[in-house]
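Below are the structure tokens for one structure; questions will follow.
A, B, C, D and E are the chain letters, set down in written order, and residue numbers restart from 1 in every chain.
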Amino acid sequence: MMAGAAVAVGPENSGEKTHLSTIRYTSSLANNSALREEIDLTFEQLPSPETIIIGETAWINVDGVHDPELVQKIGQRFNLHPLSIEDVLNTTIRPKQEDYDDYLLVILKMIVRNKSASKGIASFVTEQVSIVLGKNWVITFQEHHAGDVFDGIRARLRGSMGKLRANGADFLAYALIDAVVDGYFIVLEELGEEIEVLESQVTSTDSTPMLTQIHATRNFGLFLRRYVWPVRDVLAGLERSDSCLITPSTKIFLRDVYDHAVEIMEMLEAYREMAAGLMELNLSALSNRMNSVMMVLTTVTTIFMPLTFIAGVYGMNFEFMPELHWKFGYPLIMSVMALIALGMLVVFRRRKWI
Amino acid sequence: MMAGAAVAVGPENSGEKTHLSTIRYTSSLANNSALREEIDLTFEQLPSPETIIIGETAWINVDGVHDPELVQKIGQRFNLHPLSIEDVLNTTIRPKQEDYDDYLLVILKMIVRNKSASKGIASFVTEQVSIVLGKNWVITFQEHHAGDVFDGIRARLRGSMGKLRANGADFLAYALIDAVVDGYFIVLEELGEEIEVLESQVTSTDSTPMLTQIHATRNFGLFLRRYVWPVRDVLAGLERSDSCLITPSTKIFLRDVYDHAVEIMEMLEAYREMAAGLMELNLSALSNRMNSVMMVLTTVTTIFMPLTFIAGVYGMNFEFMPELHWKFGYPLIMSVMALIALGMLVVFRRRKWI
Amino acid sequence: MMAGAAVAVGPENSGEKTHLSTIRYTSSLANNSALREEIDLTFEQLPSPETIIIGETAWINVDGVHDPELVQKIGQRFNLHPLSIEDVLNTTIRPKQEDYDDYLLVILKMIVRNKSASKGIASFVTEQVSIVLGKNWVITFQEHHAGDVFDGIRARLRGSMGKLRANGADFLAYALIDAVVDGYFIVLEELGEEIEVLESQVTSTDSTPMLTQIHATRNFGLFLRRYVWPVRDVLAGLERSDSCLITPSTKIFLRDVYDHAVEIMEMLEAYREMAAGLMELNLSALSNRMNSVMMVLTTVTTIFMPLTFIAGVYGMNFEFMPELHWKFGYPLIMSVMALIALGMLVVFRRRKWI
Amino acid sequence: MMAGAAVAVGPENSGEKTHLSTIRYTSSLANNSALREEIDLTFEQLPSPETIIIGETAWINVDGVHDPELVQKIGQRFNLHPLSIEDVLNTTIRPKQEDYDDYLLVILKMIVRNKSASKGIASFVTEQVSIVLGKNWVITFQEHHAGDVFDGIRARLRGSMGKLRANGADFLAYALIDAVVDGYFIVLEELGEEIEVLESQVTSTDSTPMLTQIHATRNFGLFLRRYVWPVRDVLAGLERSDSCLITPSTKIFLRDVYDHAVEIMEMLEAYREMAAGLMELNLSALSNRMNSVMMVLTTVTTIFMPLTFIAGVYGMNFEFMPELHWKFGYPLIMSVMALIALGMLVVFRRRKWI
Amino acid sequence: MMAGAAVAVGPENSGEKTHLSTIRYTSSLANNSALREEIDLTFEQLPSPETIIIGETAWINVDGVHDPELVQKIGQRFNLHPLSIEDVLNTTIRPKQEDYDDYLLVILKMIVRNKSASKGIASFVTEQVSIVLGKNWVITFQEHHAGDVFDGIRARLRGSMGKLRANGADFLAYALIDAVVDGYFIVLEELGEEIEVLESQVTSTDSTPMLTQIHATRNFGLFLRRYVWPVRDVLAGLERSDSCLITPSTKIFLRDVYDHAVEIMEMLEAYREMAAGLMELNLSALSNRMNSVMMVLTTVTTIFMPLTFIAGVYGMNFEFMPELHWKFGYPLIMSVMALIALGMLVVFRRRKWI
């Protein structure tokens, strides 16, 4: 992208307003444990790194990145590199993590259900989440003001219990990443169900719409892969990172998310292979059905063609056709026809055509 | 999964009770070699790391992991990391090994036959086995109280002979892993037999059920791969591990299991390729059969169409058709028809259609 | 290629004239920031490395590399290695970067639209761009005098603002590479649209031209891959390079282009897989359609063959056919025929053929 | 496999007797070069490591590994690790090499022709060869007493000339490995011939047996791969090995066998790809043939259907059909039919159907 | 191969005589630059390493390697390792490079056109070239006395100009390797043309010969790969080699050949994929054509079957068929038939079948 230009890249949502909110808390292990939550702030009301006291952790959540100036102002307040701000604004880039010494930038994609769309895999869209981890603060930028994926974390923070409140900013970042990655399992489950449904239909029906659906399922697998595969590298990078922003005890938890990411990748690959197998299965099933249609056609044709011919022969108007004058010519020829038909049927039965 | 929350993840079996049992023994090389076996213990009756005397090895077996509190209590008694307990409880995760300095956690999947199901590859299900190797104790967590895969090891321990009794906890862990991995060979054998049966049928029958079966066999290969492939990494990790819990002499044996895991992977890949080839073979066989059906149809049509036409011509009611009044018109035209039919047959014979 | 011989390799464009132009500027951060632009220079008017003053950056652009002597003379003035000159002249080589201590050579391919051709992916052709980065100069060699891909950079330079004017030659080189790589996104977008169009047509039409188009799309993917894949290695090489010609701050930006290159590669691979799936989808759709054609044929044949046979039977001229003399023979036989036809229709309806 | 249990694993050949033989020789470069060969020895007559004098090389060949006790006794005499003995006895494991400091164990598979079977690739079976290389002795364990693959080496040893007699045990081991690997070329040659035969038949015949044969050829490729691929790792391991049992001059020769193994792998992969291509070629050829059958059918049907219809029209018994009473009605209508048939033929000729 | 035995391996050409020739020259930069060329030498006339004066470079060319004794004698004169001589004589081995300290052995395959064969890709055969690079000499062994690929280098040497004469033996070796690798581009070009021709034919004709040709093209790709892929490793090995026989300035040029080799590999892979796509395209085109044939058949059958049936009905000989006696029965029924036919045509037109 154009170097040094902070512009929002990606589908336009200019009508959407940007929402700012913060949660600030001190460790639940500390004496005077406290949590303060503020929503719908203006830029001026946002904390700056200097105003966050030691022992406190501040989580600043920015919903909607369609206002470049605002994002840029936030970036400047927290000393973010221009390229970081560009990455946050550009919602078309692939997941990645970058270590800028003072802070870590992690960009992930949530796969969320588009509310307005119909159900099924076609309703999933991506939403970019940028997580910036500083010394005692975390900023999250969400593409839209809709994702409820972080609501569970908010609830756990408010609950003032568990590891989340007992640890610092790096553990909060881990929990956020974990929430995003866990969201993939739901999408994969739906993909798996879609494939199972198609599997049960593929040999019994042969409508073109199903073909299109199998194809769409394969493409959805490709679509997921683009966003899920890089996550492994992101997590491997965080785990191996020698940044002092991540404590060793949090790294053990990151290793756990890494394992989930690997599992997701493997499930996805298995699903992709299953979907590819579906197309082949469908082709075989089609050939199978065509075979049986052909057998019916051939059976009928092969039985009636000779009979019709014989009837045609005795429909000829030659003067001298002795059989026509035999008393039992008609029943005789009818019996011959019946025998031919029976013989054919026996042959086809033996060939297992009927 | 939700960090810090110890909950059982996976299909519910809440009705199932958890069974605890222990086997404690001293080395058969020691003077007063002894083995003590206890079943159906309560949590309070379980040994703790401190109560296991030096020179003694304790194997604690937990059948059924559907009681999170119990598992958590066991974990706390043996100082297991919360993430380890989570992994033990979550029966959907992929095989892995983790080194927690004080203990090693190895998670594997047994592929066992579902007793209630019909026979064949469709009856196999996975069962998670978590093996925790401490200084002089081993804890195994099995998903269900059904696996007899460890019965052979119990018998060998009781027999008070062989390497198993002569060595410590790490060798016991090796033997348990070896038993799980050896179990895969049986599944692979069955898969191989399934493929052989399908191979012998694929060119002779063309029913849709067989198609579905080939597809199911391919999917079973994918299913196996998910659980078998990571085993290699697990074993490579254990072998390369610099944990002091595994003695060098045991590592030679782990190398042996590693070789088995590699062999299993290669067999699996070969079977998967064979199953993929089956689908293609089936498609070709279908085309082949359709070809022969088409040839029959074409032969019959091509022979009888001209004859029926000729018969139709002499069935026309024109007043002035001289042939109709010839004395030998009828035998003549019948001979012409016979010649045409014979010529056609010769042509088709030359083309090897009949 | 023949070692040591400086000849132009690639399609001949001998009629085309070579255009030389320069832009020289000092940093916008300096006191007397200045930019001087000259076009249509002769070789003699070109600056030499010695004449470029410290603090100044010179960008020499050479449009058209079909005049080997001129390129060689430029190469000698800037002390380029004979192999570098060969590479610049040979427009068939794959993208690469070479570090010659005194300068860095980066060869890339622009994918540009051939103006004379029709629209669609068939109209894209490659154009080689060689970027030579020296201490305070950059030389760019373009295959033709047509590429407007660098016009944006010229405009930004003239604008005397932004990072581009504030930095030196290495940042200019980065901006040029970035412009080339960004150009790929446009081509990929068009490829994606092409695939979408084909996807919407593939199940509804079955003309041979569409087949050819799918095949052409796949080949276009292969064609792109040849030029896009090496770009990743080029950028990885530049980023890892220990050349003192690239400052650390520029490397962060190169890392960004690298990410774009990786993204382009992944998009391309996804498109290639989608195009491959299209061929399979088309084959299945064709089989599907053939199936329905066969069903019509079989239905018609199976209904009319027996009826025609019956009509044939009562067209026979036997003397003794009692049915012919029945009063209600005709309506009776017509009713029988109608019943047979109806029965057939019911059977086919049940089989869901009609 | 069950750790610590020395049992023969693999197909049973219990009726087969184990044959022991030795060849002991001193270097042909020594003053009193000598070679002593003994066959059909008992276990007691076998040399032990201590009885082999310095400068002498002893090759102990054990034909048949179906007597676990004997193999175990030999193993104990030469201080082999229990796992080594297990590996020798288990004829189902994949090729590998293990360094046990005192000796090197190399396990390979010969692909030999089953004498009782018919010719062709179906007649090949594997036979395990275990080569144990000690300081100045080599023990070879062959699965059956049938392999003549080592006869050439015996002949060269007896001939008292060439490098083989001039070097020690490591060169003998190299020569044995080389003999096994060279045996693969013969199998590959046969596979190549099989594929060539199939290639020449695949477009001209379409019998189901050929389909089965192509499938069998693909599976044979998979079968070979299981035994041939690991050989490369075995040889790479030996070449890189820092065991003092292999002299640097022998390593150069091992590098040569490694090159052969790589070549064999590449040939095998090429053959496998060719066999896969055969299946596709067959499918296309089948479609091609079906196409031409369909064209014949369509041509015949399209020509005779209208003619039969016309004949049927004039076979109708309407009282008032003026054409029937025309004098030239019959020749006229016959001419019309002939014109229609001719017109059809022209159309089909233009479409290149006939 | 049998260790230590110097025999010629590969197709026999025993009738062919071996030709020896030398070119000896001093650097064109030296004062008394000279070049001496001798052809049809006997073995005794060949220079030995000691007789080549310092500053001089000797190129000994051996055409034909079917005389093992001669090759062995040359090898002994230049102190080649027995394995090197074996490799030179064995014309079936894959390309490789070996560093024997005193000399470097590079074995490559030229792909040359068999003069006696017809044109097209079928006429290409391989010819082995072994290049031995010593301190100030180069020996080249060519399989046959036919290759003109080195004639260009001879001409450039005689021309006493250019880099070739200015540099030593390592640059000569580079130039020879470069000539071999450049020869691949010609073969690839022909392969590309072959694929283009097939591409233009594949959707319009459907003869079995074309199928065979596509298959042959794919196999040719496999054949090329066997000889072209290892070349990359050979060149990478030479470039990374720490042998003092290759000067750093020559390594820059070797890097250039390496780039060519990589490009050749990528082109080859692209062509292979295109050829694979051709088979699929052909299958789809065949299905497409079959579809249109089926539509013609179905259209004709569906139109005429009902008409023929109606004609058959009024050809029945029932006594009481009132329609037969109507005055306008015949024209009425003919009109009904025409309407049915028209209706059918409309239906088929709507379905876009005709």
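One rule holds for everything that comes next: contacts are C-beta pairs under 8 Å (C-beta built on N, C-alpha and C of every residue); 3 or more make two chains touch, one makes a residue touch a chain.
Bear in mind the structure is a predicted one, so any value in this text is a computation, not a measurement.
Any chain touching chain A that also touches chain D appears here: B. Looking at the partners of chain A and chain C together, they share no chain. The copies chain D and chain E differ by a rotation of 70 degrees on their C-alpha atoms, rounded to the nearest 5. Spacing of chain A relative to chain B, judged by their CA centroids, is 26 angstrom.
Averaging C-alpha coordinates per chain places the centre of chain B 43 Å away from that of chain C.
For chain A, residues that reach two or more other chains under the stated contact definition are 283, 287, 290, 294, 297, 301, 305, 308, 312, 315-317, 321. Taken as a graph of touching chains, this assembly forms a single closed ring in which every chain touches exactly two others.
Each chain touches the next in a closed loop, which from chain A via chain B reads A, B, D, E, C. Residue ranges of chain E in contact with chain D, taken from their complex: 1-5, 81-83, 86, 93-94, 96, 98, 206-208, 211-212, 215, 218-219, 222-223, 225-226, 229, 279, 282-283, 286-287, 289-290, 293-294, 296-297, 300-301, 304-305, 307-308, 311-312, 314-317, 321, 323-325, 327-330, 333-334. Only residues 152, 162-164, 171, 174-175, 178, 182, 199, 203-204, 252-253, 255-256, 259-260, 262-263, 266-267, 270, 273-274, 277-278, 280-281, 283-285, 287-288, 290-291, 294-295, 297-298, 301-302, 305-306, 308-309, 312-313, 315-321, 353 of chain C touch chain A when the two sit together in their complex.
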